[in-house]
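Sharing a structure with you now.
Order of writing sets the labels: A, B, C, D and E. Residues in every chain begin at 1.
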């Protein structure tokens, strides 16, 4: 029991640290990649090629004044960033990032935990993320943040549906909700090949769920100043920012797990494969932001409800038909 | 495939839902496609199920599938379950197959009707109800199907409810059926009280132990059930609704008379043969009522002039045959006749519909004649059906009818009087059916002059079902060619496992001499031929003869023409006393006693209400408190007194 | 509680501590110099007009309502998906009926303009 | 091992709390939330019974309760919105439409 | 350990449940209700109903309460905050009845009135088969009809909600 707890704590610490590091450097990576795409250099001053930029940003935010608007509901105003960041950080608990390794004669599973409702856990946690936005928008007592929050949350719940539906095909094939089992079910062929439509829907929803371009409408600077977190400053703002990037990492890891065969791959060690796939997916995110123009809000909601939802339902039925007929 | 037998009723139900909810939104063609499509699918599934059943050894051909437990309350346990055995397999095949053809025909026949979606919704519902009925695995579900069938007949007979006659006919059908259903429901209750179960298989398993042969209880149960059958299958004395049922669209009549509704009673008796075997008196009554109905209504049919009415009486008469078959213990023969009858009666009605279609809804055969040249397909198909029902050797009716007649003579419960009446009925049948054929298609044209030039054959969507049914009317009988004619009687053999259960204790059927069977067969064929000959003499050779005959036997003729005044007798004996009694009750009892007390109570209530009104504040939380107090009381009871 | 949920609990505790710690640090290190202008709602530099707690379009309600309904559908779909291989065609028909009935609702909402944003 | 009665008593407590909420609050929305609380209390009892009586029926019933709750919330809140449009209030003391 | 966790979760559930009904601001009530739901989800996990625990969060916390918050924000509710509790006898009777109810329920549950015969799904068997799998299997066989009827209820909810909410919108 004691040993179990020690191993558990070590794993949690490693994963947590890695996640924070990834998130921090994601901001750097994004600026660099977009810079490259736009034929600029991006951050160059702090450290070699701006490598210390995230740390500098963090420190700067830490020493900024923390403004709470006069009419704001202080408790909820404080609570909102917490509610945003905590779900973003804990969904990694069930994602497997490798098979097993032997360290000091012990076999250690490379995941924090494997629960038999893994995917449901992630969705449950993700469904709480919307509160951060709603509460932030409401408590700020600002028209723009309230409107941004409503829009943002409406968008999130709309695309959450299609996201949940898009992976039903995967579950039908894997016959399990455990992410480890789902990865193992892909030892022969990745589900992206068996579920191309599901993957496409997942991809679109993942972008929309994380409020990224071309679905970054709720925080469209040009239209709504900065969306639900317009009144936030200092570390509270940083937490929203962190949450958004942590979510990107989570959906990428989930995509890897569900569609890209997880840690599995030839030659390289499993963890390397896992990271490779995740970063490829993240790169796709950045690339999309640099390339695509923004949706209009009515297009965005219409697309979610009138295209993605019916298509993902049809995908489920077609998958079922094929599986039942075989 | 057998596991999917629930799809058989499910498909028509889907049709009901689609056409019921969206029928007015989608195009008419789509409505027809949906309705026919679901019936076609249902028939397809039935065929596949039937085929699968055939692959199994005869003693393994019983399946019970429980879809879900419907009611589980105390001892009462009713499951929405399906019982598939050779009997129900034959029935679903007939219902869905003939039903499908009638649906297709309806697309053409009802093409112009305003209420096209409603029509097909109800038609699908009818098929669904009947399929539910024949597949039910227990009495309760059976009763649901039974009642639904009654409801559908009401809806469809009164389809053109703007016409008073149609609306009245619908009501009549419903009310007469209700009388039978009342007995039927009592029978079911008695079964539950006796056996503590409503499941067919369980009841039949327990029946020989719990019921003595010939005991009053067995007789009571079976007679009550038979009351239902009398209503649904239009037997004496509850047959009066069926002739009026022709007020509905003609395909509906075809559906009622051939595939659904009226056959339910025969099916019910066959299904419950285990119980009937325990009640010889009931069996004898079934046979007697059946044969009496057969003869009685055939005689009415002799002189009627409305083509559909003749068909209706003919149906009642043929149903009488089926009941006779069941009553003498030859259930398979009854079901066999049910099937062949479904083919040729559907054909007859559809052909009659085609004639009406050609003549702008004329139904009086006195204003027809010489239509053969104009509508040849209708003529030939109808001729085949007429020959089949008349019992011309080689056609389906011959085999099934003679099987019944033979069993009526020699069967376990047979009697020569039954046979004699049966043969006489056969002669009458041949006569009146050929009378219709001759008067309609041959001889001189008596058609209204300005109708004459637009007599036209119906479109293929109507004639193709006719031709298919004609084909079936010819070959349908070869499923059950009796041994004496060199056949193997496959039909009876197929149904045998179902009916052997009840026969186990009974005496084996005395298979009389081959010569005797052939002889009786010859007699019935001769009777049919005489009937045809007389019809030929009357209506082709010497058309004035019937009139002279009618003059001579004025009273008999008018009695027959007025259907023995049965409706009038009912009117005087039952309806009018009821009316008078009701009027008395209304004026004497109701106004003074009931209204007086009701008004008194009303005053009391009003006075009390004005007090109690103050309690009703309209505020939710006051109500909540009341609910809460109730909850406290109930939980308190649980806590302290139990 | 099954043992495999212990790490999740631990991770939740860690995440809460991290988030609280971050806020605490910023409140320690950050300066505090409030002015009325600074504390007023940000509206692109223009003086705020009216209250922010205004009512917004009922469309948001409709979207959330539809979300609930289809969320329930997902809840039913997941257990269905994991046992689909045992249910086969039968299960497919059941679920197809279920989905179709809900799609009627979606179509109704669509027809009534519940999915339109002007 | 936590005994069944502990869960049931917790369930009873939550239920009673919901009852108090429904009976004493004026805000329709909070009354509605209290009803949700009562439903959840019942759900807890169902799941507890399911666990201790070794039957899955309880859990499946909970699934249906949640579904019905979702439908109820959808319609109930729509009624509240409609009511608010008419009367500009969510105070049950000002809503007595159920009076004839 | 297990008992400790139960006590913590139960206390959180009870405290937040009380907070739900005494908070003046409906937003706070909603937030406390979410907390109740989350602690109930934890209790479901303890009862080895993992699937129910997950959908408790997804449906109740993630969907139903979002709708509640949307509606609270849709209606401007500051006016109500001043007089949150009904006065006088209503409060008294309500509390009294609830207390009696609680006492009675305690008697019923504590007194062992409720006895049942253990069914076939022992926790070991369920965890061997997988909680979700067992739920799925039962749901789509034994509970088929309720499941299908569920869709009708949801359909009615959609139609009803749209009719009610959109009446004077357009």
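What we mean here is this: contacts are C-beta pairs under 8 Å (C-beta built on N, C-alpha and C of every residue); 3 or more make two chains touch, one makes a residue touch a chain.
Please read these numbers as outputs of a predicted model, since none were measured by experiment.
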Graph distance between subunit A and subunit D, where chains that touch are linked: 2
Shortest walk length in steps over touching chains, subunit A through to subunit B: 2
Most distant chain from subunit B by Cα centroid: A
Pair joined by the larger number of C-beta contacts - C-E, A-C: A-C
Subunit A-subunit E separation of Cα centroids, rounded to whole Å: 29
Centre-of-Cα separation between subunit D and subunit C, whole angstrom: 21
Between subunit E and subunit B, distance of the C-alpha-averaged centres to the nearest whole Å: 53
Residues of subunit E whose C-beta touches two or more other chains: 2, 46, 48, 50-51, 55, 58-59, 62-64, 66-67, 70-71, 73-75, 86, 90, 93-94, 97-98, 101, 105, 127, 130, 132-133, 135, 139, 144, 150, 154, 157-158, 161-162, 165
Subunit D: positions in contact with at least two other chains: 19, 22-24, 26, 63, 66-67, 70-71, 73-74, 77-78, 81, 93
Touching two or more other chains - residue numbers and ranges from subunit A: 115, 120-121, 138, 146, 150, 157, 175-177
Touching residues (chain side subunit E, partner subunit A) in the complex: 27-28, 31, 34, 41, 50-51, 53-55, 57-58, 61-63, 66, 69-70, 73, 127, 130-133
Complex contacts: residues of subunit A adjacent to subunit E: 73, 75-76, 79, 115-117, 120-121, 123-125, 127-128, 130-131, 134-135, 138, 146, 150, 153, 157, 175-177
Residues of subunit C defined as touching subunit A within the complex: 2-8, 10-12, 14-16, 18-20, 22-23, 25-27, 29-34, 36, 38-44, 48, 50-54, 56, 60, 63-64, 66-67, 70-71, 74, 77-78, 81-85, 88-89, 91-92, 95-96, 99, 103, 106, 110, 115-118
Subunit E residues touching subunit C - in the complex, by the definition given at the top: 2, 5, 42, 45-46, 48, 50-51, 55, 58-59, 62-64, 66-67, 70-71, 73-76, 78, 127, 130, 132-133, 135-137, 139-140, 144, 147-148, 150-152, 154-155, 157-159, 161-162, 165-166, 169-170
Of subunit D, residues touching subunit E in the complex: 1-2, 5-10, 12-27, 29-30, 32-34, 36-37, 40, 43-44, 47-51, 53-57, 59-60, 62-64, 66-75, 77-82, 84-85, 89-91, 93
